[in-house]
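Here the chain labels run A, B, C and D in written order, and each chain numbers its own residues starting at 1.
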Amino acid sequence: MGNFKGHALPGSFFLLFGLWWSVKYPLKYVCRKNKNACYLGSRAGFQRLEFIEGIIKAVFALIGMIAEQFVPDGPHLKLYNYEEKHWDHLMNWQHATMYLFYGISGLVDVVAHGTNALPVALDRMMLSLAVFIEGFLFYYHIHGRDMLDFHVHQLLLVAIFGAALCILLEVFFRGSIVLEMLRTSLCILQGSWLWQIGFVLYPPNGRLEWNQMDHNNMMFLTMCYCWHYAFAFLILVAITTSFGGYCTDQTDFIINIFP
Amino acid sequence: MGNFKGHALPGSFFLLFGLWWSVKYPLKYVCRKNKNACYLGSRAGFQRLEFIEGIIKAVFALIGMIAEQFVPDGPHLKLYNYEEKHWDHLMNWQHATMYLFYGISGLVDVVAHGTNALPVALDRMMLSLAVFIEGFLFYYHIHGRDMLDFHVHQLLLVAIFGAALCILLEVFFRGSIVLEMLRTSLCILQGSWLWQIGFVLYPPNGRLEWNQMDHNNMMFLTMCYCWHYAFAFLILVAITTSFGGYCTDQTDFIINIFP
Amino acid sequence: MGNFKGHALPGSFFLLFGLWWSVKYPLKYVCRKNKNACYLGSRAGFQRLEFIEGIIKAVFALIGMIAEQFVPDGPHLKLYNYEEKHWDHLMNWQHATMYLFYGISGLVDVVAHGTNALPVALDRMMLSLAVFIEGFLFYYHIHGRDMLDFHVHQLLLVAIFGAALCILLEVFFRGSIVLEMLRTSLCILQGSWLWQIGFVLYPPNGRLEWNQMDHNNMMFLTMCYCWHYAFAFLILVAITTSFGGYCTDQTDFIINIFP
Amino acid sequence: MGNFKGHALPGSFFLLFGLWWSVKYPLKYVCRKNKNACYLGSRAGFQRLEFIEGIIKAVFALIGMIAEQFVPDGPHLKLYNYEEKHWDHLMNWQHATMYLFYGISGLVDVVAHGTNALPVALDRMMLSLAVFIEGFLFYYHIHGRDMLDFHVHQLLLVAIFGAALCILLEVFFRGSIVLEMLRTSLCILQGSWLWQIGFVLYPPNGRLEWNQMDHNNMMFLTMCYCWHYAFAFLILVAITTSFGGYCTDQTDFIINIFP
């Protein structure tokens, strides 16, 4: 959906997940250190959380897919316009495909953590694939746009492919707190940057539009992107530090593996 | 072979292997969990399977090579046309070279699993190299084609190089079920996408040809590629889930390594 | 700051850190081998060092940020020029952003090693991110410059992204002496190359300027870059060898992990 | 040296090392499996071999450097031509720089395996850097050449960067037979391809020159490159198999690490 809401909606989804993770993972980290300190620290407790997360992810993806299909100027499940012989609303279909993969990821989460029929590590693998496919579709999506439009989406791609790589590493280093924090920060970045894109490309209530061809705008937005990330990371560090004060043991997860 | 059959034949090979693996690896995974539950779960049983797979792979590669050489408009082992001073049927020779590496991979499988003269891990390394060489040859192969032709082959390259990387990881994380599932899904994707390429570039029984220059066709095919993958992955997850119902223990392979 | 000092100042910071590390890590390596041989070898001793390093890094970053903002032709914290409707001194703002991330990295070091509220491995992750962001900003920074200017900064990017990758590996292989040596050598390279860039682009006291369009200058500077690295590496090897003479045991860190 | 000998000489160096490794590593692999079977299997025996290899590598590098400097049309250590104000014989200087890094790699081997002053893993790290720098210099070296000239050197770069990556992996998975075999095969490939480049670009005794602009020549050479590799790999597999017949135990190195 090429308008402000079309960027704000997925942006909010990512922000919500990012902020939730920025509470969940530090908490999990503290609980793992101070065993017996809290209920959530148990393996079963966190497995239940992952199960619920999977359901929420699947529901959000379904909402996104339905919104893309049935907004007034959407395709309403029609893929090909036989009268005029061209594809119909390809943009919306592509966005719906992105949501589809997040939906599958949610489904895999539910099956992997609800039953023991799937290997647990498949949840990270599928999430990594979903994020990669999002980036992959975006990559061909933004072909041939105006300079500034192209640039802000290209910056988004850095966060997306970075997150895909980070989650792939999590398949092999599952439970590493630093990778979980990296993923969380990239997720917040993606969410806040989607809002920023909305403000830049579709300024709400009739504000001045950005000059698409000004090189200085590009340079400013690149820097602005870094500030978004600094902000995301600082929030995360602040939360972790405030939780981490309860820890009594300094040694962290990775260090235990490679002593 | 630049025609429908030339894409359908290797596509079928890949589909066959992909579907076989989508049965084999989940089965192996279940057997490893429930020891004593089945004959195939024994190390010897699976080694015999890998041995037979190697033979079949080598035979398929031989069929492919012979087909490329001795089809009516093939090179018949002639590489250089001395009369007209140019290389003869380079396309067919390149395809034959791709098959050659799969043949070597089959050979290495047979030697590594039939005798104990070669390190076992060499089978994955050689398969990774064979897939990489396939992508490498394709990369220079598709140089200078029409836009749509180029694009559908470029999408194929994503699956190919993805598979090569995945198999390289398997050298180091041998037996990881998530990597085996990733490889399987990419193999099915490659097979079904080769069929799709055949339908797009050489529509059988005189259907309408695709407009090579329409940007919307490109966008649709990119999305279509994702749907192929979603389909491949869902089949795989469905099979694994149905097998996985027999498992009693939740902990999977990777988790045991990095607890 | 597009002048000689603007390259010499950060270059000196990097050289200082690189040379300090080229003493610290070989020493740490020797101490770990010959336990009880020195005070610094204790875990607590090195943790205190990392703590102090974090403070110094944060202070240097602060100096850099203030210098970029308040030099005579700096932005003085003004980001947008409302009269002439354009961004103000974006270059200085971008440099300040680079310093900002090093500042955050210093802060994380201080918290992670001073308290036990943050996972220790986060210091490497944040340093890797800071170096990556430096490269990321440079990448868009040097867009559209003259050939030679572009080339010398592009060479710098190789050192920067190499260092970012190396430090990311350190998150997982913490304490590996070879990675620490690689990082140290790349840090020295970056420092000495920043000085070289200063001499090439802004020759001090009125020397002859370099011809920006001569392809031979480009080829010479590429080679010169390799000599810088050879020099950096040889210094490091010499220091390590002179320290390493005190070692009695040959087995090194990595070998112990993968015997 | 832009002539046939200038490609045949380094090509022979690489072939010699590659063929030597294709004997050494399979032998080492067999000896490690059948302990007490041979003298070379002892840790000390192989360390002595690495020491001697380092000396030979350093000597070869020295020969290469001297040859580049003192051939009749070489620079004779003169870097800048002050009369005509241009750099002198930059090609030869670049080649000498490539040899320099192999020389440093030989030196590091000698110190790391002769004394215990350097960490052992540094030999692989330095070799990886030497190979990377070779590729790095080649990359800027071949800028702006004719199409075929560019293409054959670009193919060489694949082997070079592949080898650099493989050796970097060896830093962390030291002693893995599959990585050692991959490195060996890429080294043979590089050697034989350098000979091929010599034959293509500087056909000896007045044979017909290759048409630099024929796209078919490019396609043939890409395929030819793959045949070189198939040949290199098959030789290696044949040698390993013939040695490996003496093995009694099937489990290989990697499998022991990740059981």
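As a working rule, contacts are C-beta pairs under 8 Å (C-beta built on N, C-alpha and C of every residue); 3 or more make two chains touch, one makes a residue touch a chain.
Because the structure is predicted, anything quoted here is derived from the model rather than measured.
Participant: Give the rotation angle, in degrees and rounded to the nearest 5, that superposes the C-alpha atoms of chain A onto those of its identical copy chain B.
Facilitator: Rotating chain A by 90 degrees superposes it on chain B.
Participant: At the place where copies chain C and chain D touch, is the share of residue numbers found on both sides over half (same) or under half (different)?
Facilitator: Different: fewer than half of the residue numbers at the chain C-chain D interface appear in both copies.
Participant: Starting from the Cα centroid of chain B, hunt down the chain whose centroid lies farthest away.
Facilitator: So the chain farthest away from chain B turns out to be C.
Participant: Return the distance between the CA-based centres of chain B and chain D, expressed in whole Å.
Facilitator: Inter-chain centre distance comes to 30 Å.
Participant: Taking each chain's centre as the mean of its CA atoms, how far is chain A from chain D in angstrom?
Facilitator: Going by mean C-alpha positions, chain A sits 43 Å from chain D.
Participant: Touching two or more other chains, which residues of chain A qualify?
Facilitator: Touching at least two other chains: 173.
Participant: Looking at which chains touch, is this a line, ring, star, complete or other?
Facilitator: ring
Participant: Got a list of which chains touch which?
Facilitator: Contacting pairs: A-B, A-C, B-D, C-D.
Participant: Where on chain A is chain B touching in the complex?
Facilitator: 86-87, 90, 93-94, 97, 100-101, 104, 108, 111, 115-122, 125-126, 129, 133, 136-137, 140-141, 143-144, 171-175, 257
Participant: Which part of chain D faces chain B closely enough to touch in the complex?
Facilitator: 29, 158, 173, 176-178, 181-182, 215-220, 222-223, 226-227, 229-230, 233-234, 237, 240-245, 247-255, 258
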